[in-house]
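A short worksheet on the structure shown next.
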Amino acid sequence: MAHALNAGLRACLEEDPKVVLIGEDIGRLGGVFRVTDGLREDFSDERVVTSPLGEAGIVGSAIGLAMAGYRPVCEIQFDGFVFPAMNQITTQLAKYRHRSEGRISLPVVIRIPVGGGIGAIEHHSESPEAYFAHTPGLRVLCPSTSQDAYDLLGQAIRCDDPVIFLEPKRSYWSKGEVDPEAPAVGMDRARVVRPGDALTLVTYGALVPVALKAAAVLAEEGRQVEVVDLRSLSPIDDDTVVESVRRTGRLVIAHEASQTGGIGGELAARVQARAFYDLEAPVLRVTGYDTPYPASRLEEDWLPNVDRLLEACDASLKH
Amino acid sequence: MTAEPTEPWSVLDPTGTLRVDDRVPAGADALDLWAAYRDMVLSRRVDTEAIALQRQGELGLWPSMLGQEGAQVGAGSALRPRDVVFPTYREHAVAWCAGVDPVQLLGLFRGTTLGGWDPRDRNFHLYTLVIGAQTLHAVGYAMGVVRDGDVGTGDPDRDRAVLAFLGDGALSEGETNEAFAWAAVQNLPVVFFCQNNQWAISAPFSVQSRVPAATRASGFGFPGVRVDGNDVIACHAVAREALERARSGGGPTLVEAVTYRRNPHTTSDDDLRYRTGAVNDDWAARDPVDRLRALLTGGAGPPGVNDFLADLGREEEELAERLRAGCRALPVPHPGDPFLHTLERMPRDLERQRDEHLAFVAGGQGDRS
Amino acid sequence: MAHALNAGLRACLEEDPKVVLIGEDIGRLGGVFRVTDGLREDFSDERVVTSPLGEAGIVGSAIGLAMAGYRPVCEIQFDGFVFPAMNQITTQLAKYRHRSEGRISLPVVIRIPVGGGIGAIEHHSESPEAYFAHTPGLRVLCPSTSQDAYDLLGQAIRCDDPVIFLEPKRSYWSKGEVDPEAPAVGMDRARVVRPGDALTLVTYGALVPVALKAAAVLAEEGRQVEVVDLRSLSPIDDDTVVESVRRTGRLVIAHEASQTGGIGGELAARVQARAFYDLEAPVLRVTGYDTPYPASRLEEDWLPNVDRLLEACDASLKH
Amino acid sequence: MTAEPTEPWSVLDPTGTLRVDDRVPAGADALDLWAAYRDMVLSRRVDTEAIALQRQGELGLWPSMLGQEGAQVGAGSALRPRDVVFPTYREHAVAWCAGVDPVQLLGLFRGTTLGGWDPRDRNFHLYTLVIGAQTLHAVGYAMGVVRDGDVGTGDPDRDRAVLAFLGDGALSEGETNEAFAWAAVQNLPVVFFCQNNQWAISAPFSVQSRVPAATRASGFGFPGVRVDGNDVIACHAVAREALERARSGGGPTLVEAVTYRRNPHTTSDDDLRYRTGAVNDDWAARDPVDRLRALLTGGAGPPGVNDFLADLGREEEELAERLRAGCRALPVPHPGDPFLHTLERMPRDLERQRDEHLAFVAGGQGDRS
């Protein structure tokens, strides 16, 4: 997926001279995940800016650049380091269109590698999406495939809204062809990635392949699970999920982020409100626990995996 | 002017006596003192009227700039049309100089808007209430100016500078210091204009720093200048030089204009809880408007001064009337507006919320409660 | 309620010499809401610290003070100004007990006036509770009465966990006697503030009196609504809510914060999971909308009020 | 030493020649050069072994301090037992000087813990990965020291200082600058010790600042000192003076130790993408350990030097063996631990989550997948 993102950035840099990348170590080094590899060389230091070490500065100056007519794409080095930028994101970036009564757009994209599963140390395995999804005025996207990474990133950069673009870091090394000409799904639409009728399994990012594995296991047991990749975490395409649940009657939601206040709770609340009489079982959640992300030696069992998903699906199907 | 900051530099003293100093621009570059006086008086009237409107319940709140007109008109009069301003919430006189309709300043405080004007019209950005946040926007804008090639071309119609305002309290916010760091390493065309009005609400300057505000710049490797903020001529000279340096590619400057917030922090504040009336009076004696009037009317007074003052008095009254009427006529937003302006295209779930809300508002509440 | 909080702070300052207050303008001015009125005079500048203008500094130095054995109580001046402190709160304060394997406690309290309804300008009417509730390692409290404000604040300061203490600013001027000797309800327990059997109405903070009004209206119409004051937003006492819903079969949740990712979604998800077969109607939410908080001339209709609560209760009861 | 920082102050040059300078403490206050050498060599061995353990898959990551031992041992050897240290993630030699068991440093990088030691045992706080965050904790701790009355009493067993480490990159974080502001206005007993190792991952120092790091302090009104970070004697002298000033009530100091990170940022980094091997070699020639060895073994060498070095060699091997064994023996946390350590008492909903998780772990996963 890192390659797809690199290609996506390159395409946008070529297409629009106003696109500027800003972030720590994104120049010569190409970023710690090499997502910006080679871009500085091909587009100059002015357009691929290795920034001082300050996340508020990255986002705050991106806001100013956007006011000056640019389309900045920020990179936050790791999920755990976005918090120094929270003030600029929450009180400035997200609100400016509203404050200016729709006059001023801030087309800023903030790319953040997210999630666990790579054996990293503290602050390098966080899943901060709910903070952003709870902040009106932002779009929050999270691709699960290389093609989607390419498509969504392009849409995010071209879009006039601020976008938090979450890159599941476990998927950086996943292979996947990218067709730049393929027609892209709308960036605020969820996508049914495997059809089914027995249960709806919704997730996003790095857990999509996990969910597909769980669905494959259940298929062998004769139960067709519909897997939905949310893609957009704000706005949430609950229409697609509700439509699915109307058919399946059951819903399991999975994410790595802590349970309390996560996307799963929001979606569960919406679905039970909109499809109350269709639900044959309570909406179940398989999520990170309400503790700090643990030391990496614990993470294998910690992260929602196929078995935990299967357990939840079984529980739902038993109702 | 870029040496280590010590005593604030001044040329016009509180009695209205002007000292000759070759750092004060002359000839075509000179500050038009009549215009500066007019700007100070009229913007002060905006301030005074706004306070009155607040008292009458027409505004929720007003942050008065009384006493800071010298600093603000000094800086504001040094702007060129293509320069860009990032204000805090107290730069009413800068807004005036930039040509923002003062009625538009009232909306934010009347609660009819969170903005009030189009920043692109006058290159005057929206007021920012979160202390320090705008300094980074100024830095980013300046990065854009550099990328546009609008620095150091020597073409006065092309080169641009960014002027960011901040208070003394803002010096302590991390973001302000990040802005200083970014501006310095990139040598950006930005001037940080700090009105050290001695107070951040109830915190005296000593809570923020034990050295002058201008000194902060030296730690980042760019010039800091300390100027008497109640001397509009000195402020103009300093701002002019700093903006010119920025436009020509000479990089950032931090200006500390030493002044005083003569009124409480806002109309909601009670300043006698933390400072004495006597100190307020001391500073009143150093008032920037009085000072320039003393110069202009000093001795026998230049020819025409009485007519000028009489005209200005009439202009003031007209302005006040326009403000009062304009304030009451400010449009109240439609209940659907926040939904409309959250994202470029309204998502379906937000449409549902809006429809519910509009139905609720239309339904006439209060049926049972 | 401001008086109750003042009395609560005073009692803690007297009881424990390690209690130190830090915040902008909390000294001579007594804070912009006068909650710390008179405390500097009675307990010295060393214990009631008027801080420089920096929220990261307030929380970061409170962490250091706690490490040195103190019990700092921070004041953030307004809800909208907590975001510069998010890094210290999220990556440092909330995680330290876990990082130190339970060895080190950080007994830091962060008081924040929250919510709308006072005609304030931007950033002065925010409801940021969900950010904190989604952050494991923090407790989040929100009192609705003067007595509770006094009790919960004392419990928060004495507690060894970091506590985000949200003060509904609309309630600052509400009167209410405080009995310092009254036995306090446990700080992580919700409280049934009006019993009923027709429907459970859950809320917290400034909306509790609003909910009680709605309940009174419905009582006149012969329907007894049970009103639950959540008090603790993290951990959430869903046991109390579930127990109530088991009896009433219906649940309406109200809060001022934006809907998506708010406490209401979390609670709805929990209740539908734990009381699925008891629910006779979908859980409904009456919340702030997913937009920035509007200009104050719109806020009267904007905030969840008695009528919006009644509408939701009616809708629930119609199922 | 508190004048405007220019060239880093040095007494021991790369050839091992010691220049006489009266700022170097003598007599009982002098740095024990043998001990300093031993500390540098053994802590370097910790570093080398950790890299080897990472290569073998025993550690996930290791941030090497190779080349920074002079700065770290210089600072670490100036500590008194009651002083308190707030490190970044690279202060392995300071941890060594403070007496932290080096095996305990490995847990964080092995993934068996997010901490590893009890900060109270040695007054050495946990490593902090979020750049700059610890500087504010140091400030807060110093506020506690002041409130405890443990500053300026003149009693060497009572007075305390706080020593906060930071990198050159950390200078650009807002929080670091807030720490400077707080320390200055409160005149706190804190020393900020910045190891300017020229790089923040791939960003050279010029990305963070256009003036020396030590200069930053002047903007906040406290002394900044620039010292040769590869000269352990000079670093000790500077740290000693700054800590003593702090303990005695003289307020904060920013020390810039000019040094070089000879290895990549961490074992995951590839430094030849952004710097050349030639520059690395230049700095290798200025290595702090070599430099002190040259002094100690210079000329005919002082009596006993060979025995000393031989003993040290044996000690190194024992240490290495102890690290290897200790690393492998580090306890893996129990799956229930995170639940246990999130809050003081586990809330009921977290208990439910824990029970589910433990049942899941006990149930033996992988039945079907």
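Letters are used for the chains, namely A, B, C and D, taken in the order the chains are written, and counting of residues starts over at 1 for each.
Basically, a residue touches a chain if its C-beta (ideal position, glycine included) is under 8 Å from a C-beta of that chain, and two chains touch if they have at least 3 such contacts.
No experiment lies behind these values; they were computed from the predicted model shown.
> Measuring centre to centre with C-alpha atoms, which chain is farthest from chain B?
D
> State, to the nearest whole Å, the distance from the C-alpha centre of chain C to the C-alpha centre of chain D.
40
> Let me have the rounded angstrom distance from the C-alpha centre of chain B over to the C-alpha centre of chain C, please.
Centre separation, chain B to chain C: 36 Å.
> Could you give the separation in Å between the centres of chain A and chain C, each centre being the mean of its C-alpha atoms?
Those two chain centres are 30 Å apart.
> Identify all positions of chain C at which a residue touches two or more other chains, and write them in rising order.
51-52, 54, 56-57, 80, 83-84, 87, 91, 95, 98-99, 122-123, 136-137, 235-236, 260, 270, 289-292
> Could you pull out the residues of chain D that touch at least 2 other chains?
Residue numbers touching two or more other chains: 113-114, 130, 171-175, 178, 181-182, 185, 207-208, 333, 337-338, 341-342, 349-350.
> Draw the chains as dots and join the ones that touch; what shape do you get: line, ring, star, complete or other?
Shape = complete; every chain linked to every other.
> Over in the complex, which chain B residues touch chain D? Could you list them?
Residue list for chain B touching chain D: 171-178, 181-182, 184-185, 187, 206-211, 215-221.
> Would you mind writing out the residues of chain C in touch with chain D in their complex?
20, 46, 49, 51-52, 54, 56-57, 59-70, 72, 84, 87-88, 91-92, 95-105, 136-137, 139, 159-161, 188, 235-236, 238-239, 270
> Using the touch definition up top, name the residues of chain B that touch chain A in the complex.
It is residues 113-115, 118-120, 125-126, 128, 130, 133, 135-148, 174-175, 178-179, 181-182, 185, 333, 337-338, 340-344, 347-350 of chain B that touch chain A.
> Along chain C, where are the residues that touch chain A in the complex?
Chain C residues touching chain A: 56, 80, 83-84, 86-87, 90-91, 94-95, 98-99, 122-123, 130-131, 133-137, 234-236, 257-258, 260-266, 268-270, 272-274, 276, 279, 281-285, 289-292, 319.
> Okay, in this complex, where on chain B does chain C touch?
Listed in rising order, the residues are 60-61, 107-114, 129-131, 169-175, 200-203, 207-208, 268, 270, 273-274, 332-333, 335, 337-339, 341-342, 349-350, 353-354, 357, 360-361, 365-369.
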